[in-house]
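These are the structures in question, set out in turn.
Heads up, the next two complexes both have chain A, just with different partners, chain B and then chain C.
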Partner chain A sequence: MSRHVVVIGGGVAGMECAGRLGMMGHRVTLIEKDAKTGGHAALWYQLFPDRRPAREVIDYLNESGTAGDVTVFTGTVVKSVTRGGNCLAVETNGPGSLNADAVIIATGFDLFDAGKKEEYGHGIYENVITSAELEEMFHNGKVLTVSGKSPERVGIIHCVGSRDEKVGNFHCSKVCCVTAVKQAIEIRELMPDTQVFCFYMDMRMFGPYYEELYRESQEKWNVSYVRGRVSEASETIGGRLVIKVEDTLAGRPLRMELDMLVLMTGMEPSAAGSQLARNSGLIAGANGFLAGNDHHYGTNESPLKGVFYAGSCVAPMNITDSLSHARAAVLGVSEYLSKLSQ
Partner chain B sequence: MKVAGKERIWADYQKEIPDDHYFYVRSCIRQTFFPGSEQFFLGFMRNIMGRDVYEDPEHTTCTGIGYHGDVVPFDTIMTVVARHFAQATAKGYRNIAISCVTSFGIYSEILETWKHFPETLAKTRENLYRATGREFEVPDYIAHSSDIIYKFRGEVAARMKYPLTDQYTGKPLRVVEHIGCHYSKMFPKYGYGGAEFPHVLVGMIESWGGEVIDYPERRHCCGFGFRQYLVQANRGYSVANTKKKFESMQPYKPDLVVANCPGCTMFMDRWQYTIKEMEGTLYGDNGMHGIPVLTYEELAGLVLGQDPWELGLQYHNVQTDRLLGRMGVPFDPGMKFLSAEGEKLRAPEGIIF
Partner chain C sequence: MKSFGYTISKGRVIDYDANDHRLENLVLAAEPTLALCIACGCCAATCTAAQHTGFSLRRINVSLRRGETDIIRQEISGCMLCGKCTILCPRGVSTRNIVFTVRKHLSLLDNNAV
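== the complex of A and B ==
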């Protein structure tokens, strides 16, 4: 029996949910707050660990997402989800109130605002950029300083806004380490004469082929890894950047001049998703991400019957895990709707 | 460099400064090293701004130097500061104006401690009562005196006689601002502009026509660092810190340094003499002269047209004659070392021009 499912969030997880539910014969409404679907992945140039174009994943999702009865609303914000009997009311700022048999929340994450780490000078020093801004440069095929030169030395700071009590984020964003490795290789590939230094706390290569990519970055691409947290960045009279860091393996303070500094901004709970959760009586965990009914076997299930979670709204995830989590949410919805029909 | 980025940070770190009725607590060392600074502050507030600033003759040191030198325990310094608050309470003052950055950091640390650990506040009340029979109210506001000059920087600008402009070139004077570590590095929310890009001195300099220099070692400690200097064996480290700062700022050709901390002003001034003696190096005007290091009160006094020797500028190791010339401030070098009665005093040795 066909049912109506509303999916909130048009990123990787939301698109996968919409496509799968559509293929199962359900009527699906996919609601995205931004002007386009695709989420953060749509802004990325290449993906780790195999360096495939991010576009390919978005194309797959676009293709599978249009297979069934899927209606997409972009530029639309969901204010709340409330339950009345067996029906869920989804309040939006666009098409008004929608009635649904089930809802999947896939509101994803926000990138940490690098400006909050004031000591790195993002938004002040012109050649301090974020990992997302570097992806934009890769899209354009050129990585240049503001003066239009190829950087001779690039520094990459890991864990910006992650594992950092000072900004209130204790959690690890998981994917920044391997993103740094990927971006370091891309820089070296694009500009073989550019030196790249990664400043890290731990290298968390958790996924398949991540460790191999990390090894390749050192053996083939001569990327240098320095274990130590950068304490501050400043600018020289010639417009270069100066960083201070303690090399905790060598046990020595280090001062280095760079032409460009890339901040590996971590993941934070989506502000829009958090607001929706508050308005709907849903619960966030201590890290701010949405808390499922059970940490091990119920991460897709919310305390509100008929409402499910998918993707990185529950925790930082890579694309592979977001897709798997989305499919698990679809399975949960399917089981729930079957019971509803009985 | 994008100023808009700094302005965003400055907007995040604003604080409320009361408009009037301050209980003023002096610094131990500023009265000796920069004798005109606190005098200027009191005169400016009372006579020019018409504000009520009260000084209690029984006010003592906060014991901050001993605290940071590891000889005064935290319980003791809390009780001493509680006594200051008791004096303010007895005179009906709720706003504390603090001359010294070390003291300001200590007051901030104690108030934060009491906020998070009410049992510590209760214990301090008990300690103070048992020791002195005094009781106190926690003040409504604490402000460093640089915060207060910052608040009134527009009023200073409106009365300005000698802006921070080079009379010979017509260009703004290039000013290095140096913030004491204990002003906002411990508690960024207590400082105008926070810890990384403080605005308290920048605001004054720009309001008075100067150009602020942002150099790589801007945030670095002046070198005082208490134990770096107080422990004689560490003094080389203290000098090395100051040297690092001057080498970093030298390419920007600064006309002067302004600081809001007694230790910073003292060491960035005096260590120039030491470095000159040790290595023969000077950092001002292509290595030919020193770089004057002023307190913010001295700078305010100068732009307002006060007599440089009344402000005590002659008591700096690096003399300000060249700076005064650039600003167009009239001065008589022969009057530098005269007592109030006009008697000639012995000029200090080792001064740098």
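== the complex of A and C ==
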């Protein structure tokens, strides 16, 4: 029996849910708050660990998403989801209230606002950029300082907005370490004379072929790694950046000049998703991400019957894991709907 | 001049830009596996010399990468070249050859032969 499922969030997880549910014969409404679907992945140039164009994943999702009866609303914010009997009411600021048999929340994450770590100088020094801004430069095929020069030396700071009590984030965002390695290689490939230094606390190469990419960055691209959290960046009279870091492996403080500093901004629960959760009586965990009914076997299930979670709204995830989590959410919806029919 | 017993102590900061990176570059060129070190310390843990002295190959590697030549000059003679570290290294760093190469190039540098 065909049912109506509303998917909230048009990033990779939401698009995968919509596509799969459509293929199963359900009527699907996908609601995205931004002007376009594709989420953060659509802004990325290449993906780790194999450096395929991010575009390919978006193309796959667009293709599978149009196979079934899927209606997409962009520029639309969902205010709340409430339950009445077996029906769920989805309140939006666009098409008004939608009735759904099941709902998937796939509101994803927001990138940490790097300006909050004022000591790194984002928004103060022009050559301090974020990992997302560097992806934009890769799209344009050029990584240049604001004065239009190729940087001789680039520093990459890991864990910006992650593992940092001072900004209220205890959690690890997981994907920034391997993003740093990927971007370091891309910089070296684009500009063979540029030195790249990564400043890390731990190298968390959790996924398949991540450790291999890390090794490749050392073996083939001579990327240097300094273990220690940068305490501050400042600017020289000549306009270069100076960073201070404790080189914890040498056991001494280290000072170094750079032409460009890239901040690996971490993941925070999406503000819009958190607002929706509060309005709908859903529960966030201590880290702010949405808490499923069981940490091991119920991360897709919300306390509200018929409402499911998909992707990085429950925890920082890479694209591969977001897609798997999305398919698991679709399975949960499918089981729920078949019970409704009985 | 009268001495009052005051001295200016050398700063502890690793001044990366002021440091001499010639030894690093020479060793990297001769033994590229140096770049693969992840500073796990396995080499120093198995090291017989390290059980009795302050010698640490992990510190030698880090000092090399930072251009801290003085530390290397002071410490490199502590290795007995037994090669246990090379057998253990999980990244395949040719540690024993790094010691050889450091000694060779350090003496060339110190004799202005490079």
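Criterion: the second predicted complex is superposed on the first by the 342 of 342 C-alpha atoms of A that agree within 3 Å, B and C clash if a C-alpha of one lies under 4 Å from a C-alpha of the other, contacts with A are read in each partner's own complex, and residues count from 1 in each chain.
In the analysis below, a contact is a pair of C-beta atoms (placed from the backbone, for glycine too) under 8 Å apart; a residue touches a chain by one contact, two chains touch by 3 or more.
No experiment lies behind these values; they were computed from the predicted model shown.
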item: Partners on chain A (chain B, chain C) - clash or fit; value: fit
item: Which of chain B and chain C A:218 touches, first, second, both or neither; value: second
item: Which of chain B and chain C A:126 touches, first, second, both or neither; value: first
item: Touching partner for A:202 - first (chain B), second (chain C), both, neither; value: neither
item: First, second, both or neither for A:254, with chain B first and chain C second; value: second
item: Which of chain B and chain C A:227 touches, first, second, both or neither; value: second
item: Touching partner for A:189 - first (chain B), second (chain C), both, neither; value: neither
item: Smallest separation in angstrom, by C-alpha atoms, between chain B and chain C in the superposition; value: 6
item: Of all residues in chain A, those that touch chain B in their complex; value: 115, 118-119, 121-126, 232, 234-237, 242
item: Chain A partner contacts - residues on chain B that touch it in the complex; value: 1-2, 4-6, 8-9, 194-197, 214-219, 251-252
item: Interfacial residue positions of chain C with respect to chain A in the complex; value: 12-17, 28, 32, 35-36, 38-39, 58-59, 62-63, 65-66, 68, 91
item: Of all residues in chain A, those that touch chain C in their complex; value: 203, 215, 218-219, 222, 224-225, 227, 247, 249-250, 252-257
